[in-house]
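The following pair of complexes shares a single chain, subunit A, combined with subunit B in the former and subunit C in the latter.
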Partner chain A sequence: MADSTAGGILTIETIDLRKQYDGGVEAVRGLNLRVPAGSICGFLGRNGAGKTTTIKMLLGMTRPTAGSGRVFGLAIDDLVSSVAIRRRTGFVSDEKDLYDSMDAGDLIRFTARLFPKWRADLEQQYLRRFEIPLSARVRTLSRGGRTKLALLLALCRGADLLILDEPTSGLDPAATEEVLQALVAHVAAAEGTVFFSSHQIAEVDQIADRVAIIDKGRTVVEGALDDLRERYRRVQFVFDADAPAVPDLLAQSTGIQRVRRSGRVLSVLTNGSADAIIDRARALRPVSVDVATVTLKEIFLETVTAEDSGA
Partner chain B sequence: MLWQKSWLDTRWRFLIGFALMTCGAVFIVTLYVRVRGLLPQLSALDPGSSELGRIIREAAELQKTYRGFIWSQWFRQTPTQTGTLFAILLGSGGLLSQGAAGQLFTLSLPVSRARLVGARAATGLAEWAAMALAPSLVIPLLSPAIGESYPFSTALVHGLCIFVGGAVFFSLAVLLSTTFTDLWRPLLIALAVAIVGGVIELAVVGPTRFGTFCVMTGENYFRTGVVPWGGLVVNAAIAVALLYGARVALEHRDF
Partner chain C sequence: MLFRPNPSLGVPIYLQLMEQVKHAIETGAVRAGEQLPGIRPLAEQLVINPNTVAKAYRELEHEGIIELRHGAGAFVVPRERSRKATDALRAAQSIVASAVHSLRARGLTDDEIRRLFEADLAGLAGAGRKSRTGGDRG
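After this line comes the complex of A and B, so read on.
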């Protein structure tokens, strides 16, 4: 995997990170992740792919079974380092779980006291923008209201890194857009790093500049979004009879992610050289060859389903 | 900061327990007015020479003095029963049983798990101290109102005994709460341990120097006037060990 992060400062780095729970379930199986400082990295994967477990390991909520991980250069499995990591990190969980028994105002004051770099100016800004009622009990807030409060609590920590686990889940399109714009504006102003998991590929496409796709606990795609768009191509061969079974000469080509055969059409997804594949396939005498760019959604679908079929 | 959260989690248990214990102490003091009126009839009591008779005679003897009445009706009973229940209630719950109500939010804060347990234990022990000491101190405060006196120092020593003994059950509940993910199992297991332990200690083995319930009732102090430092230290050490166990268990817990 080519990587434009080489030599840059990494905010998050994991090497062969693994997590096996007591029941024997292996949630993460050798995850390699590199998130450069200042980037917005979308973390994609199907349900149960290991996204939340990875996030929990990064924040010291769950201990890795093997491998290593560093955030700001600090080991994630060290108790002291973990506190230092959390001091510089804002977090929004999937469930947006907050203290239901507190008022929104009390919860904000409670959180502010734990973060020395708390941004009171941002607090006022987001209170106005998100229209959070300070006197309302957290348990009485709508899902959108909880999400906005959780986001305020994360954004105002003065954090260098935001880790957000499906921050827009359950929100209506208007609220989703508001949250995404707040994230982009925050990163633009504070030059922090954002690492967020999502099932909404369009969201990732909209605000991320990097992406990591995880499937069954392993990284299957990782890199700058522009690089991925540049590298990934779909090469489609049409034959005058049924397309041949996956030919050896294609299988030998580097970068092939997925080959599909349907009637007279042979479709190849590659992140290597399309020209090299076309050269090799010329011997099969296709009647036409077409090279097309692919979307992030196609890359996601092809890579995670390719894992299923063992391609 | 963290104590604020612990206080919010436990305040109703504390306030109810505090009110119950304090009202109980007030009731016991005022009850003595009636008991005092019945004292002349005690001399006519002949319970016989059997074991039961001996127990009845001993109980009757205790009522003859205000100090004996207070010990037998209050310090020997309510704190070891109601008090133990509330000590366990205060220790139950916490991070693991929070479920969706802020568990991950708490874990994302820049505090160690040792500090989380520490804040929880400190808040709970402070509440338990108030629950153990305040009702005890109500007794010397109210006694002049019924024409009796009770030394503050004696009430304070009994309060200390109740606090240290109850701290063992509080700490046991805290430890169990770092093992089980619901509120009920730690509560019920700690209660079962207290009941079985109490039966073994008070009914089978008999009064001992270091037994938790014997320390709680302050029986040795009542009978000899000597502060049971040995029992206090041993039980305080057990409570500290249990809290340390809770810290270790929480530090190694995956969420």
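After this line comes the complex of A and C, so read on.
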């Protein structure tokens, strides 16, 4: 199946991007990202997988040690172009670091003056929707309130790209839904692009059309979510006696991600052709064959743990 | 109109949305000539990706079920057989409902029932067909 990025403009692209910190720790060691304009890309990975380091490199806050990366076609490791990148990008950090001593209304007015493309219409809309108390000191806002304020500032500055580091962490379901809705609206409205890291696979499932899974600094899965959903299948065979070992099946079929034997059951996770595997397994005379779709959560757990126990 | 795709189902959301639009047409919830919600409002209402809604609409147009009029929106294409299909589907619904009812009465869980249906459909279709399940109507 043709990749949905074919022919489209890439807002973010990295090729074999690496970052080694001074202490020798290699936080990112081969990251390949392709985020087309107008898409929402969910960025998944375990704690310490390299998500925040990646985001910092995209924003020019830390320099890559190898590989290349471009945002809006501009090199992320060039000081001048990195300023241009930040001018067109709204960033909501994990800490939602805001000026704590200001009140919310002052902070909004202060930020609005910095950005000539400030969207007063969006400001009014999100003030109403997010119910931000204008006279409250920023430091007294709840976690949800801080997030919504940070998001409002990022949305209203007229940015083409939003980069968010775990925007919904610690939020209740209602606040989470409001944040997701704002991200959808950003893409629906003006061909905006969203790149957000998350631990909530369900919300990536819900709003993303692309996903990148990073494990130990490397991309292990990257692509259009619908393509992944259509490609990945779990094929389960049940046998009369203990499930046979099947090295031939493994050797001949492409796309096999994982094989598990448990008693009479043989389970194969593939992102290739389930039919080809079934054809090959026919000679083993299974008594039953099931093909099931695979959720993003399963793909995540399988690719991340496989990497963990393997290489 | 109530579309409710389930993102964590493992089935592409655009396929679920397509099935639900078809279902809405077959049950008469939306009729020939009527307008479907716009891509942007529907995406915001369901809080799903607008590209996903656009893809579902494109595919439905490709299948001749809806018509995308430039700038005006998506409209259900009139069909001669829509009335007959509606009746057949209503009858089928009651068969399914009674099957589900009696399976539940035997103590099966909804998940078990769903798997049985899916396994049976997969079995009948043979190994060659690409499964196109969608629309999680429990």
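Just so it is clear, the second predicted complex is superposed on the first by the 303 of 311 C-alpha atoms of A that agree within 3 Å, B and C clash if a C-alpha of one lies under 4 Å from a C-alpha of the other, contacts with A are read in each partner's own complex, and residues count from 1 in each chain.
Everything below uses one rule, namely that a residue touches a chain if its C-beta (ideal position, glycine included) is under 8 Å from a C-beta of that chain, and two chains touch if they have at least 3 such contacts.
Quick caveat: nothing in here was measured; it's all calculated off a predicted structure.
J.: So if we stack both complexes on subunit A, do subunit B and subunit C clash, or do they fit?
T.: On the superposed model, which is not a single observed complex, subunit B and subunit C fit side by side.
J.: Is A:L59 contacted by the first partner subunit B, the second partner subunit C, both or neither?
T.: After superposing on A, A:L59 lies in contact with subunit B but is clear of subunit C.
J.: Touch test for A:R86: subunit B only (first), subunit C only (second), both, or neither?
T.: Only subunit B; A:R86 stays clear of subunit C.
J.: Could you give the angle made at the Cα centre of subunit A by the lines to the Cα centres of subunit B and subunit C, to the nearest 10°?
T.: 150
J.: For A:Y21, decide between first (touching subunit B), second (touching subunit C), both and neither.
T.: First partner only, subunit B.
J.: So, A:I207: does it touch subunit B (first), subunit C (second), both, or neither?
T.: second
J.: Check whether A:E230 is in contact with subunit B, with subunit C, with both or with neither, and answer first, second, both or neither.
T.: The second partner, subunit C, only.
J.: Answer with first, second, both or neither: which of subunit B and subunit C does A:V294 touch in the superposed model?
T.: Once the two structures are laid over each other on A, A:V294 reaches subunit C alone.
J.: Quick check on the superposed model: minimum Cα to Cα separation from subunit B to subunit C, whole Å please.
T.: Superposed on chain A, the two chains' closest C-alpha atoms are separated by 26 Å.
J.: Residues of subunit A that sit at the subunit B interface in one complex and at the subunit C interface in the other, please.
T.: Of subunit A, no residue contacts subunit B in one complex and subunit C in the other.
J.: Give the list of subunit A residues in touch with subunit B in this complex.
T.: 21-22, 56, 59-63, 79-80, 82-84, 86-87, 89, 91, 93, 95, 97-102, 110-111, 113-115, 150, 153
J.: Under the definition above, what is the set of subunit C residues touching subunit A in their complex?
T.: Checking each residue of subunit C against subunit A gives 7-14, 39-40, 43-44, 47-52, 55, 115, 118-119, 122, 127-128, 131, 133.
J.: How about subunit A: which of its residues touch subunit C in the complex?
T.: 38-40, 177, 180-181, 184-185, 187-189, 201-202, 205-209, 225-226, 229-230, 232, 275, 278-279, 289-298
J.: Provide the residue numbers of subunit B that touch subunit A in the complex, in ascending order.
T.: 1, 4-5, 8-9, 100-105, 107-113, 251-252, 254-255
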